[in-house]
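Data first, discussion second: the structure below is written as structure tokens.
The chains carry the letters A, B, C and D, assigned in the order they are written, with residues numbered from 1 in each.
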Amino acid sequence: MTIRATVWGENIHEHVNEVVGKLYPEGMHETIAQSLRQDKNITARTAVLQDAEHGLTDSVLSQTDVLLWWGHKDHSAVAEDIVERVARRVWEGMGLIVLHSGHYSKIFKKLMGTPCSLHWREAGERERIWVTSPNHPIAAGLPPFFELENEEMYGEHFSVPEPLETVFISWFQGGEVFRSGLTYKRGAGSIFYFRPGHETYPTYHDVNVGKVLRNAVTWAYNPAAPLTSIHDAPNTPVEQSHEPIVERGGKLHKPGEAGYK
Amino acid sequence: MTIRATVWGENIHEHVNEVVGKLYPEGMHETIAQSLRQDKNITARTAVLQDAEHGLTDSVLSQTDVLLWWGHKDHSAVAEDIVERVARRVWEGMGLIVLHSGHYSKIFKKLMGTPCSLHWREAGERERIWVTSPNHPIAAGLPPFFELENEEMYGEHFSVPEPLETVFISWFQGGEVFRSGLTYKRGAGSIFYFRPGHETYPTYHDVNVGKVLRNAVTWAYNPAAPLTSIHDAPNTPVEQSHEPIVERGGKLHKPGEAGYK
Amino acid sequence: MTIRATVWGENIHEHVNEVVGKLYPEGMHETIAQSLRQDKNITARTAVLQDAEHGLTDSVLSQTDVLLWWGHKDHSAVAEDIVERVARRVWEGMGLIVLHSGHYSKIFKKLMGTPCSLHWREAGERERIWVTSPNHPIAAGLPPFFELENEEMYGEHFSVPEPLETVFISWFQGGEVFRSGLTYKRGAGSIFYFRPGHETYPTYHDVNVGKVLRNAVTWAYNPAAPLTSIHDAPNTPVEQSHEPIVERGGKLHKPGEAGYK
Amino acid sequence: MTIRATVWGENIHEHVNEVVGKLYPEGMHETIAQSLRQDKNITARTAVLQDAEHGLTDSVLSQTDVLLWWGHKDHSAVAEDIVERVARRVWEGMGLIVLHSGHYSKIFKKLMGTPCSLHWREAGERERIWVTSPNHPIAAGLPPFFELENEEMYGEHFSVPEPLETVFISWFQGGEVFRSGLTYKRGAGSIFYFRPGHETYPTYHDVNVGKVLRNAVTWAYNPAAPLTSIHDAPNTPVEQSHEPIVERGGKLHKPGEAGYK
């Protein structure tokens, strides 16, 4: 069994900011993909904003078990119909890992149903990431905490729904805290938000970050066939009801008529 | 203290379907509003699809503590910018009660981030609603279960996120079950989904249903000032950090620059 | 409507440790009770370990809407039957606020079903408590964060179940984080764990801490009659079933026999 | 990788009730174990109440990845220290599947922290089990619902904490509903409660029930090393703090002293 991951990158700052370009000469998405490939059970391809259909064609998505999403500078450039397409695949069971500034991506806000706001500071301060769910599959093999010497600060309040589980909480040198690892389920799809990953720091070269990403892909993978029925609201006619019943009362719908959407 | 409720009704079937018109001659929204007014701590106004801005102007919403939503036949007629406006007020702390076929309303799908699909059958069968959280404020004063002799069936799988709490589960005569009372929080706003309420049956004249609606309005009321800060992602500059830190590493943002959205 | 709070204190360190005695000359329980009384809707009595039945007689508990619990040095001195009695009242709907070192009290461990362990350091370091659920009733009137200049450190992993809601997260000067405000429900009773409150510091004289305690008491108050039925597993005989059914298959129980416990 | 399951059976009714004895001539535990062995990745042993230490020695538990628990007639016969031993292993990461009348077992009540009460009726009525989380690993390969023609009824209110996820809800012929599949986490251990399994019916010979049990064992399996640190509350001394701090304020504890428990 191999898990097919697709790493989506915005792919802008690598080309316009010298610091980012030096840290990630092949693009952040490629660095992340290489990190995933260290697990022989994962195959990883990449897709970027500039590709046709942002690289997220029906064909690519149908062959993607877990999608990773990194965007920051130009969330608004992502086409609405592609966002809808990705959301549908998540509901059907595709896993989704949203990274760092992806908290403001269209797809994350759509799936959360909240603003996904936070406080921030770009000062290269120390972040210490504490594991709050020690034996969670996403934390497998990690120490009780790990540090990133230089990171952007994200501070609470982070306006997302209460998660299923809080896996990580970050401590920041400047005095803030942040829920850095959160799990959700939307339809049949598992979602993980992971905070670190500011583009001006070497975060995606960090050993522990790599471990988290590989763990998260494995955790979010759903081997079941896509739950395409999730988009429908089928009528169960009286004559097919599980227990015998007799129709009563007033009616809106004619026999066989579809419901309103 | 008075809670200001606004009952939003689609207001179509009352005029085009004879059964519905007879059951709710003043409109379903008006019947629901009258039910709410039985609690002297609640004032209830109404708004309908056909009003300018669907009756949900900035002014009305700013004076609404809890919004109730009933729609069915024409969800798509609700303007996108009004949906966005309502969502923003929920995030700021306005309560929202979504009723029956409102499961497919734009506002509910937006706040849930899922398809909100289900199975259904319009056969006037018996529904028995069991309380699964007996001392929940929304279940106050209710017996362990209550019955609606004629209702539309909604069956699982109901594709919504795991709720904070499951307050009611329905048994249907034809053999299905459904999570009929679910609580959520999105931003500072509390949300309650309540299943019963098909327009061809006298559900909103039922004593227990009325009690649930009044309880739900009281539960969803948030006396705090609107949390308007929830829409922002403010920068906390280095010189204002809570603990003294020195800026390090590469940078994307110039001093004072806003973040990307 | 008045909420009847009982503040339970272990009442040991006030008498054997000079620092604690000076900070809380009337006992920590009395300082906490005085803080609660600043809300005119709350009446607060106290009870201590040394009282007969630890001050938690059936009579006292039946007149207690919300119980606050502070213990540290001698959790094992609390009698098992009193723990069971308190648990039963929580299941029936009494609110419970567990404070600081009460994480290791018998009653908290019993209600959580987990070890409730954590890391700690007594160094009088700075704690900054961030609100992670801004409009939660327990956070009403608080700023986005508040500080306690001297507190004991509690660090993750805190081995409690995933909460219903995370209301506060603490930042510590020495580098740790902690989920400092957590809500739970057990039976009909609401439970709030609140981290600060080490006895060698003036925490319970802090204005924001007082506000949290009063808010928490108000939040945990359940006006419903005690849900005494929660202790039973009643049989619903065939002849009283809601839908007509005919008895079939093999049987263990004779008619009218009670279930096994 | 093989998952080591231990099926614990009370092993009483098989010997004293003729109906049960005929359905499960080798004992219910053995039938369940045989069902598990249909998955070649699972090895299953059994243990019964009558064994020394109820068959749950330190050695057996240390070699058990997932424990399944069926008891009914004599929960009180299980020794307290064995219950504590099992709880500790769950907290360290052992999975636990609690079956049917095990809702009233000491171990389940201890881990839930609630009465775990419900309504019941032994009438051999039809149970229809609906999947409410379609792509959950525990529901893998199941149809949208399955039926058990003869089962004992369990009805709400089921006084357990809100679960992480509701996987199944049952419909009963006599008019009740029940949350039949619930997931929890306690410490590092995953817990699944599964309702069906009354001893006078052939439930554990059912194909779908067998599938659920095998799925649940696979889901509850935690490959990580036992989290034995979960029982401790270690002190992190000032001189080893992650950030440099200076000790301040009053103190209770002498250097190196253990915390109170």
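The rule is short, and it goes like this: a residue touches a chain if its C-beta (ideal position, glycine included) is under 8 Å from a C-beta of that chain, and two chains touch if they have at least 3 such contacts.
Since this is a predicted model, take the numbers as computed values, not measurements.
Following the contact convention of this document, B, D is the list of chains adjacent to both subunit A and subunit C.
Taking C-D and A-D together, the chain pair joined by more C-beta contacts is C-D. Chain centres here are Cα means. That of subunit B falls 36 Å from that of subunit D. With centres set at the average Cα position, the gap from subunit C to subunit D is 27 Å.
Note on chain placement: the centre of subunit A and the centre of subunit D lie 31 Å apart, centres being C-alpha means. Listed for subunit A are residues 128, 133-134, 155, 157, 162, 164-165, 173, 175-176, 185, 230, 242-243, each touching two or more other chains. Viewed as a contact network, the protein chains are fully connected, with every chain touching every other. Within the complex formed with subunit C, the subunit D residues making contact are 13, 17, 19-20, 23, 72-76, 87, 91, 101, 104, 110-115, 117-125, 150, 153, 155, 157, 159, 161-162, 164, 173-176, 184-187, 198-201, 230-238, 241-243, 245-253, 259-261. The residues of subunit A lying in touch with subunit C in their complex are 128, 130-134, 144, 155-158, 162, 164-166, 169-172, 175-177, 179.
Against subunit B, the residues of subunit C that register as touching in their complex are 93, 128, 133-135, 140, 145, 164-165, 173, 185, 188, 222-224, 227, 230, 242-243.
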